[in-house]
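Per-chain numbering from 1; labels A, B and C assigned in written order.
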Amino acid sequence: MITLASDFGSPYPAAMRGVVLQRTDARLVDVAHDFPRQDVRAAAFWLRETLPYFPPAVHLAVVDPGVGTDRDVLVVRAGDHALVGPDNGLLLPPARHVADDLDVFVADPGAPASSTFHGRDVFAPLAADVHEVGVDALGSTDRLAPTDEFVDLELPTASVSDSRAEGDVLVVDDFGNVVTNVPGDFLDGRETVRVNGDAVPVGETFAAVAPGDPVATVGSHGYVECDVNRGRGDDYFGLAPGDEVTLD
Amino acid sequence: MITLASDFGSPYPAAMRGVVLQRTDARLVDVAHDFPRQDVRAAAFWLRETLPYFPPAVHLAVVDPGVGTDRDVLVVRAGDHALVGPDNGLLLPPARHVADDLDVFVADPGAPASSTFHGRDVFAPLAADVHEVGVDALGSTDRLAPTDEFVDLELPTASVSDSRAEGDVLVVDDFGNVVTNVPGDFLDGRETVRVNGDAVPVGETFAAVAPGDPVATVGSHGYVECDVNRGRGDDYFGLAPGDEVTLD
Amino acid sequence: MITLASDFGSPYPAAMRGVVLQRTDARLVDVAHDFPRQDVRAAAFWLRETLPYFPPAVHLAVVDPGVGTDRDVLVVRAGDHALVGPDNGLLLPPARHVADDLDVFVADPGAPASSTFHGRDVFAPLAADVHEVGVDALGSTDRLAPTDEFVDLELPTASVSDSRAEGDVLVVDDFGNVVTNVPGDFLDGRETVRVNGDAVPVGETFAAVAPGDPVATVGSHGYVECDVNRGRGDDYFGLAPGDEVTLD
């Protein structure tokens, strides 16, 4: 199984699919191709929250603002999974959530036909080759060299005390739900919470409040989310990815 | 085969795909994940018009404004098909179009990890399990209990006489075509029809009129549609889902 | 393997998938369903640049402003591939890029259930049937008749001298990159180029210039593109599909 994720929109992912299918009969599964453009942190978050739900697979992930520069091409083994993508930090947060034991390899990028579409010309054929080699045998292929030097990325963590949490907005989802990095248990036992000073009811579900009303919930990722029932939390709270958020 | 449909946008459906693939090797086919948000009626319409074209399959469908409340979790057997989703009416219109003989079951929802993403935590594993059990054996699984009590939903029907039809706009499609619930044969033998009072030519195809001109056609669902050739019918006619429409 | 491409948006492609899967177990792969609406030239370009990356397959492609008129239904054999779609020129540019040896057939459209959704009622069953018959056996099926009369389409080519190129904008991609039809080697050895009179740096990659700055690159299709690093080239340059562009 090979999963595909990118910020390529459409129809560029189709060329990746074709290239992969030239080299393997593996099942292909799309994760998403509409990650926020060239936003490595947001894509790393979504991959971290999604890839652990998959059975062992090769995960091709391309959000690559440095395409065509001399940034390296990485393969990260995480347990029975392998992640393939650019050396810009993208792969590390999801790899660490998939498994505890990681090996990082630098791959020979070959001689890509283009300098602007390495998803098609570098990463897709590499992901297919990694699938055919098998995750267990990555250490024995000449094309991959173990490395300790790679761009790492840690998603920011919130500072939490009993009465106050200072965190960041990680992403805003398609529904407009504002996903923070404050662990959900901060809401335990509270009926209201102040979000950047404004009191908001705490609810277990969107439907805990009337349509159009704001609610602080524990989202499906386990973090505090600032939502509006049947509305957009980002508009209501005036929050965007990267913004600071204080709960008390 | 398992089909997937939701109003989740992206990338949430990927977690559902992963959860399903942890439990089954079934082929996955996306129906759509951009149904109008939390609009059970629109989603029921699209499922009704789409699922009958599939071979026997398990159809996972999640448009669920009541996620996290105590609404039930349903499995509907319709002939050789099974539909899995929330108990809010969503599954009944498509089930009745797939087959005449239906059995409705309430499923044990288990202990979902989240209260806001039952697509991933309840419905996806259930759909995989239903697929593995097999549609014929649903009655013999402990996890499902036959029920006569469920939320039903009937899409509205038009009131039609020889000279006049009073109906509703069911949905507006991506092209801007306004799909009504007036059966297409109302247009038989007519060259023009008045849509809420404005005369519009009747055409067999969009191309029957000049680009930018309005046309009343029999759409691919068999209903009267109010369209504009190479334009948007909803803008031209000022019609939105739920609006009343009178043809004469 | 059957690939699917259209300008149908969502959820219409799902009905095509179902119809195909009623008739074949072939692997289905989406190319794209958000081609610019009813823009045969843009779709032909994207198919031309994408289908050659696939292994042998049947390619179902529907961008069909004349749906329901008496335009013919074509199957084009291109080497080990077959393309299925309307007779409006759409299939020829990609077919010629897939292989040099082409055979063109007119197909019996049958008696479609609708006059507005031939993707579901004509092209999807035909593509499944072509897949089951096999590309090598197309000449021996009664349903297909060889033809020399079909709508051809040539994408425009640029007029290029050593110092000046006069071309057209073929498409604008999702990133806002303006794809011209000027062959990339026109930029060889140049550090700047004037795009319709405005001097722009030539770069191998988007990252060759600062974020927000314009750059002329050789895109992944081998043509000159007018881009903005982390921005939209179409907005910066004021260029849209079909516009003339002069480089000197």
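Everything below uses one rule, namely that a contact is a pair of C-beta atoms (placed from the backbone, for glycine too) under 8 Å apart; a residue touches a chain by one contact, two chains touch by 3 or more.
Because the structure is predicted, anything quoted here is derived from the model rather than measured.
Q: For the two copies subunit C and subunit B, is the contact made of the same residues on each side, with over half of the numbers shared, or of different residues?
A: different
Q: Any idea what the CA-fit rotation angle from subunit A to subunit C is, to the nearest 5 degrees?
A: Answer in degrees: 120, to the nearest 5.
Q: Can you work out the whole-Å distance between the CA centroids of subunit B and subunit C?
A: 31
Q: Mind pulling the residue numbers of subunit A that touch at least two other chains?
A: Within subunit A, no residue touches at least two other chains.
Q: Which of the residues in subunit C come into contact with subunit A in the complex?
A: It comes out as residues 1, 3, 5, 29-32, 34-35, 46, 49-55, 173-175, 204-207, 217-220, 222, 225, 230.
Q: Taking the complex as given, what residues does subunit A use to touch subunit C?
A: 8-12, 14-15, 17-19, 21-22, 28, 37-38, 65-69, 113-117, 120-121
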